[in-house]
Each structure stands twice: as structure tokens, then as C-alpha cells.
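In the two assemblies presented below, chain A is common to both, partnered first by chain B and then by chain C.
And then the complex of A and B:
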């Protein structure tokens, strides 16, 4: 069972890479979906470059959201930041009722077309799951453990770095993964505001009525998102095992 | 270290931050943006430039009082009242500014809220939210607050208070389509939810009874959720288009590659995970003692399920429905890209024309719809969890 899963993942990954590197080889597969001799494979840019730009945007935004959200999460769970806690919790709840498209669309008139509105939307929307998970993880740290750490003479800083954050790590990592997955989707929509990314292929297909573009764009983006989610989940497990063994 | 004397009044740090921000917004940030027509570039006007001096001073004064209350008053009730007064005053000032700047009968001039106005509204809304969060209102009160806010907003719009604002100008142009897209938006979101509940609940029960099935089903549904919405719409367009070409009956039912059909199916697929996962979790939490007791009383397996297990799992199941509904209302926006309609139509039209008011005309109702459904369903979950088990 486990071997089958590994085999499936490897196959999906190789298929994705093969398609991105030499898409023309797959042209016969997509040719039936075109009409009037339209190109069967996206021809307005390199698919590999688009995929790289897509991932670049997603990870840049996710890194920024992680730094800000984890710091804020730590701040509002310290005694000195307690006044900000109720509002933070409510805001996270309200923020998640905002559709990512709305965040993206509102950013456009403010900062213009291109990469910037997408980055802003990804950053802002990506904050929520990480912030939420950081807060709940730090708040549910068993008080007996913290008391024990205090009893051992650890300063509040040592307690945070040595006890609370490592205990909170699984939930924080899960928040980062959620945030990355949402970002991959939102970055796809970013192509409607001229950000470089794989959404471009789908949008081009919709505009030129080329079903082959829509299908390959959808398949590549979907496959990439699934592999990313799955890969990050695996990485998380490995990382946690390393921490707990070490 | 010198001992600091105890402060006379405890200063609220959140209030200090937000209060300072609102005073700064009144003093330095533009209150409205004025455009000679829809495509002209806008000029920023401060509060004192757009309102008569006395009125502007009064508005600024009230903002300062609200800020002071946020900093120095501890009672959440008073803070809430102050924030509400602040929001109302800023909204009225905005309406007055728009009316003042628009020459009578002129339909070209565009007045929209400036950065300062947005900051003021946001800061005071944050203050109100914070006060409400500290008051911890019960489910009934929360729904009542929502209904009251809705009624006040409805009255304000019905009276034409904001008619001179740019976004309402866009509404006036699109009034006919707005109602249609609103209906389409709600229909797409709730229709796919209904289908997901019809399929997802039995699937959840099955997953609960057959543990081997559970892991595999949830894994597949999890993977589906990670597929970006445009991608899933795109993938579904191909088989649906083929079906419509091949089968006339499908075409007559309205199935086609573009439009509502791929949107409904994609939303349905996304909705399955929360419904199935929450049904399984909810059923899993039902205490074995309750099930045993019911069996002991001679209830059949079906009776145990419908009379004991499902009612006990209901709060968790409804939580799943809440997740789906909020998620669906957001995702329907994207359906506009493939001709599915809904509020996204305005959003993407607005993006195409770089017209922020048109974007907002699509985005604000979507957020309001999602937020209201979240409040109502959260209240419902609260009521159900409190009911004696």
C-alpha cells in the first residue's frame, strides 16, 4: 500500500516535469481538443518559466506571511499583548469569510496590475491560517509543562524558544501548508490581473476558446497543487520526527 | 530601576493604537477622492476641504472623543456605543461630502471614500468588533445585532443617503443585472451545498461504519480541495462540453462546457470534504454508552442512527455546512470567469476596466453574504451545542 502510494507520487511528479520540460511531445494528446488548427500546446511563453514564476510568487508570499503571522501570534499570546488577543481571534474569523478573489481584486486598483497585487493578496490571505494556528498552538500549550520550565529557572525567552515554540510546531507547520495551498489557487486567479503564473494558460484558453489550453492549464496547476500539498505533508512528518528523536 | 507611579487610569494599548490611527487619519489623510468623470484621475480632498468648517470640526471632534473613549474607558459597552456613534458620524460625513461635491443634476462627477475615510471606518469597526468580542454575546444577540445592522444599512440605502457616492452610481447603472447576479450567486452557492449534503451525509455515515473506507475517502477529498478553483472549472469544462455536444437531452437541461454546470459540479466536489469529514468526526464523538443504551432499549440499527447518532452529531455536521457555505460564497466569485455569473461578474469587469467601484460592487456584497451566513450558522451551532444532550 505504501509502495503503491510512493509509485503514484513518483509517476505524477515525473509526468508533471516531463510535460513542463518538453510540452510539444504531448501535442498529439491535446490536438483533438483544438479547432480550426489552433495550437494544441500553450505557445505564448514557456510552461516551465510560468510554473517557476507561479511557485516563486507563492513561496515569497508564504515566507513573508509566516514571519509576520508567527511573530504576531507570539506577541498577542504574551501577557503584554493580551489586550490584542480577543480582537485578533475575531479578526481571523472575519478575515476568512473574505474570498481571496475579493482581496486580489481590491488590491489591483490600489497598486496597479502585475505581480504586486497578487503578492499583496497572497500575503494578506496567507496570514490567516498561520496566525490562527500559531495562536491556538501557543494557547493550548499545557500549563504544567510551562510551569516545569519555569521551575527549572528558564527565562520567558528560553521558555518560548525551547519549550513553547517546539510544542507548537506541528500546528504552525500545518497552518503554513494550508496557507501555501490556498496561495497556489489564488496565484492562479492572479493571472487575471497579469501576474505571471500557470493561470495564464487557462485564461488564454478561455479567451481564445481553446479547450486544449484550458485542459492542460487545469491539469498542470491541479497536479502541481496536489503534489505540493502532499509533499509538504510528508516533509512535515519527517521534520517532526527529526525534532522529536533529536 | 525607579518604581513607576501607578497610572491614574489604565491605558488600553489596543485603544491607544487604534485611537491614534483614527486621529491621524482625520488630520492628515484625504477623506474623499474626487473625479470629474469615471475615467479621470482623482484628486484627494481632506475633511475640512469638503465640508463646511463647522461640520468638519464637529466630525473631527467626535472622532477625537471616540478615540479618547477607546484609550481611557474600560467598559466594553461604552466602547461599543462610542465606536458605533463614530462609524455613523463618519458614514454621514461621507454622504454629506458626496452630496456637497456633486452639482445638482450632475451624473458625471465621481466621489469615492478616500484613504482617510477607509482608515476611520476600519479603525472604528475594529473597536466595535473588539468591544463585541469582549462582551461575548450569546447566539441570539449576535443574530439580532446582525439583523439590526442590516436593517439600518437597508434603510440608509433605501433613503438614498449614499446615492451620490461612486459605488452607488455603478449600482444605478447595473441595478437590473445586480439583482440577477445576486440571485445566481446565492443559487450556485446553496445548490451545490444542498447536493453535497445529500451525497456527503450518507458517505459520512458509511465512512463512520467502515473505517477502512474513511482514510481513503478523506484523502481523495482532501486532494480535490487542493486543486485551484480555476483549474477544476477548466478540467470539468471539457467532459461537460463533450456531453452537451453528444447528448441533446443534456444540452436541453442547460449542461454545457461554460456557464453554471461546471461551476456547480466543482463547488459540489469542494464541498464534499467538510461535509463528509465533519459527519465522520461528529458521529465518532457520539458516546458509545448512548448507542449501547439505545440498542438495549431495542432500537434497530437504522433507528439508532436516525434517532440517536445523527441528532447528537448535528452540531459538528452543521459546523461543516457552515464551512462549506462560506467557502462556496467565496468560490462562486471565480465562477464568473467561466460564465457562471454571480457577483464575480462585476469583480472581473471592474478589474478589466480598472474601475475600483465596480470591483467593490461585486466584492462587498460577497463579503457581506459570507459574513452574515457565518454569523447565522455559528449562532445555530452554538444553540445546538448548548441544547441538553
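And then the complex of A and C:
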């Protein structure tokens, strides 16, 4: 079973790379989805470059979400920051419920077209899973372990870095993974405000009524999200084994 | 010497610990007993200031504990709790090394101390130092918990129901280990339990708490023969108090001079065990033997019965 799963992932990965590197080879596959002799493969830019730009945007936003959400999660689970917990929950919740498209609409007049409004939208959208996981991980640290750490004279900083964060790591990493995967899909909307990304392919397809373009953009995005989810899960396991958590 | 002076803890209008004053001699074992909600754990946790007192003070060897920064104070006081609280992501060796590391001991000294403690607790260092807590049995985890509490050679060891989660056989072994180690290091132990048998078995002194007040603070025998409060009698139980009293004296302590007759009993056995032996075998006297095999004297049935009487 495990071997089969590995084979499927490898196959999916090879397919993705092959398509991005030499998309013209796949032209016959997509030709049936075009009409009136329109190009079956996106021809207004390199798919590989678009995919790379897409991932770059997602990772940059995820890094910012992680730094902010984890710091905020730590802050509101300290006794001194506990009173900010409801407020932060509300703010982060708004980030998740406010549609990213609306964020773009608000951000563009303020920061202009391009990558920046997309980063802002993805950043806000990706906060919630990381923040909530950080909080529940820190709140559910076994109380006897924390009590023992206090009783032995570890300072609050030593407890946080040496005990609480290592024990919270599995859940925090899971939150980051969720956030990244959600945003791989969400990032396609960035192309409406001229950010480089795979959304460009989909939008080009919509504008020129070319189903092949829409399919390409969608499939590449979906495949990347799936592979990232799997790949990050594998990395997490290795990392956690290395530090003996979980 | 640990002195508690009018130690009080209030949460809003509720008084959890109410003006407790007592002195604990260095190198002794004091057991604090009481029902749940009696304030016994709170009292213990005020000694290392896991809970800050609302009033009164704690002196250790004459020094007011409130004058030392808490984390420094706690590093000098061993602390072991029910459910051990071991760090699941650290090895047994790293767990035991926690406080020595905080104190900045050299790596060689830490290593030597960890190995020493593991051997004392019958955990072979080569086998156990690199294991993780989840790979140990409950009894082994508990021993590592106590070893960790003793790692920095504290003069005082606080224990909050340390054996509560163990089954009876392992608990008996853990109690014996504690007595051995306490004798070996001369540690001053303050232990909280709700188990009266444990209190009688371990305590040089027993402090009985109820509703935040200290009702009695005496050697175990006095709790039986001169209870200060009806609650103390209820807690110790009156049905088998004579047998409890007998269990507090060893055959060696009670032996009368004389020649041997009847069955032999070890000097370390309690009078309760000797009495049981005599009833079982139908004899009226026993010979007390030292551990080296020489006779230490004799015990008669009448002599034993006299020691089980009130006053």
C-alpha cells in the first residue's frame, strides 16, 4: 500500500514537471478542448516561470502568516497577553472570512497593482489555521509537564522554548501546511490584479473562451497543492522524528 | 530546617490555607495528609512558591524564601509530582539533567550525576539513559521523576502525591526506595498524600490538614494515642488503631533481653508482623534475629499486646 502511494506521488510529480518543462508535447491531449484552431497550450508566457512565481508568492505569504500567527498565538497564551485572546481571534477570523477578492479590491487602490495586494490577501487568508493550531497546541500542553518545568525553576522563556514550543510543534506545522495548501489555490486570483501566477492561464482561457487554458491552469494548480500537502507532511514527520516529538 | 510561619493562602473570600505554623527538622520526612480540598497541596506548593502565600512566610535554614528570585529558589528544591511530569521529547538522561543544566554544571559532572542516580534507582545507564519516557513502565517513569527531582543534590525534596498513580506492589517498592534514598542523602522530605497508610509508613512526623487548618503535627504514634481532634481519629481510623500502632515499632526496637524461644523473626519486621506470626504459629514468644544472623533478644505475646494499648 505504502509503495503504491509512493509510486502514485512520483508519477504525479513527474507528470507535473514534464508538463511544465515541455508543455507542447501535451498539445494533442488538450486539442479536443479548443475551437476554431485556437492554441491548445498556453502561449503567452512560460508555464514553468508562472508556476515558480505562483509558488514564490504563496511561500512568501505563508512565511509572513507563520511569523505573525505563531508570535500572536504565543503572546495570547501567556498570562500577560491572555486578555488579547478574544480580540486576536476576531481579527484573525475576519482575515479568513473576508473574501480574498474583496481584500484585493481594497488593497489595489492603496498599494497599486502587482504582487503586493496578492501577498496581503494571501497573508490574511492564511493566518487562521496557523493561529488556531498554535493556540490549541500551547493550551493543551500536559499540565503536569508544565508544572514540573515550573517546579524545577525553568524561567517562562526556558519553558516556552524548551518545553512548550517543541511539544506544540506537530500541530503548528500542520497549521502551516493547511495554510500553504489553501493558498496555492487561492493565489490564482492574484492574476486579476496583475500578479504573476497560474491564475493568468485560467483568466486567459476565460477571456478567449479557451477551455484548454482553463484546464491547464486548474490542473497544474491542483497537482501542486496535492504534492505540496504530501511533501510537507513527509517533511514534518522527519523533522519531528529528528527532535523526538510525536 | 524548614519553618512555616502563619502561612496563609486566600483566593478572594476563600481561605485555602489558614495560618499554618510548623517546623520541619532537617533530614526528616514529614508527610502532610488530609482529604481533598484540605489545602495540603497548596501548603506544599507555597514552600517552593509555585503558589505565592497571601500571608506568613517560609524560612529554609533561617532564610526567608521570598528574598530569593523564584526560579533560583526552585532550582535548590527538588520537586516530584503525581504523574511524574517528565518531558516527553527528552531522553531519560536529559530529563534528569534538567536542573543541573539550568545551574550550569559541567557536562562531565552532569553525566556522572545522571549515571549515579540511574544506578541508585536500579535503571542501568547504558540501557535507560537514551530511552524516552514513553518507552518506560509506570514504575520506571516515576523513579526517573524522583531521580530528576534529586539531580542537583537539593537539601529539600517536595513530593506531591508522588506514588498516587502506581499499583500497590510498585508503590510499596517506590516507598522503600524513597526511605533508602532519604537515608543515603539525608534529604529533608515533605510529602503530600491522602493515603494514611503511606503517611504512617513514611513519616517521621505527620501533619493533618482539614479545611485549610493544621489540626495536628506529631509523630505517627501520637496521632493514634493522642489525637488532637475527632477528625484526626476519623482519618486514622479507630477499628485497627492498635495494629497500626504496632506497625510503627520494629521487633529490634521492642526486643527484650533474654534467650531465644519460639519462631525467629527479623529485627526489621514490625510488631504487627511479629504478632501475626505468633497468632499463625500458635507460639507465645519469638526470637528476634539481626540481619547478620545473631539473636537480638526475645518478644513475648504479652509484651507485644502491651505495646498496642492506648497511652
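The rule is simple: the second predicted complex is superposed on the first by the 238 of 246 C-alpha atoms of A that agree within 3 Å, B and C clash if a C-alpha of one lies under 4 Å from a C-alpha of the other, contacts with A are read in each partner's own complex, and residues count from 1 in each chain.
Note that a residue touches a chain if its C-beta (ideal position, glycine included) is under 8 Å from a C-beta of that chain, and two chains touch if they have at least 3 such contacts.
These figures come from a predicted structure and were not determined experimentally.
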Partners on chain A (chain B, chain C) - clash or fit: fit
Touching partner for A:23 - first (chain B), second (chain C), both, neither: neither
Which superposed partner A:87 touches (first chain B, second chain C, both, neither): first
Partner chain(s) touched by A:40 [first = chain B, second = chain C, both, neither]: neither
First (chain B), second (chain C), both or neither touched by A:158: second
Where the C-alpha centre of chain A sits as vertex, the angle toward chain B and chain C in the overlay (nearest 10 degrees): 90
Partner chain(s) touched by A:129 [first = chain B, second = chain C, both, neither]: neither
Partner chain(s) touched by A:181 [first = chain B, second = chain C, both, neither]: first
Contacts of A:190 with chain B and chain C, given as first, second, both or neither: neither
When both partners are placed on the shared chain, which of chain B and chain C touches more of chain A: B
Overlay on chain A, chain C to chain B nearest C-alpha distance, Å: 12
Chain C partner contacts - residues on chain A that touch it in the complex: 142, 144-145, 147-155, 158, 163, 166-167, 243-245
Residue ranges of chain B touching chain A (in the complex, touch as defined): 12-14, 126, 129-130, 132-134, 222-223, 225-235, 237-238, 241, 257, 326, 329-331, 333-334, 337-338, 344, 347-348, 350-351, 354-356, 359-360, 362-363, 366-367, 370-371, 374
Sites on chain A touched by chain B in the complex: 33, 83-84, 86-87, 89-91, 93-94, 96-102, 105-106, 108-110, 113, 181, 184-186, 188-189, 192-193, 199, 202-203, 205-206, 211, 214-215, 217-219, 221-222, 225-226, 228-230
Sites on chain C touched by chain A in the complex: 48, 50, 70-76, 79, 81-91, 98-99, 102, 132, 145, 148-149, 158
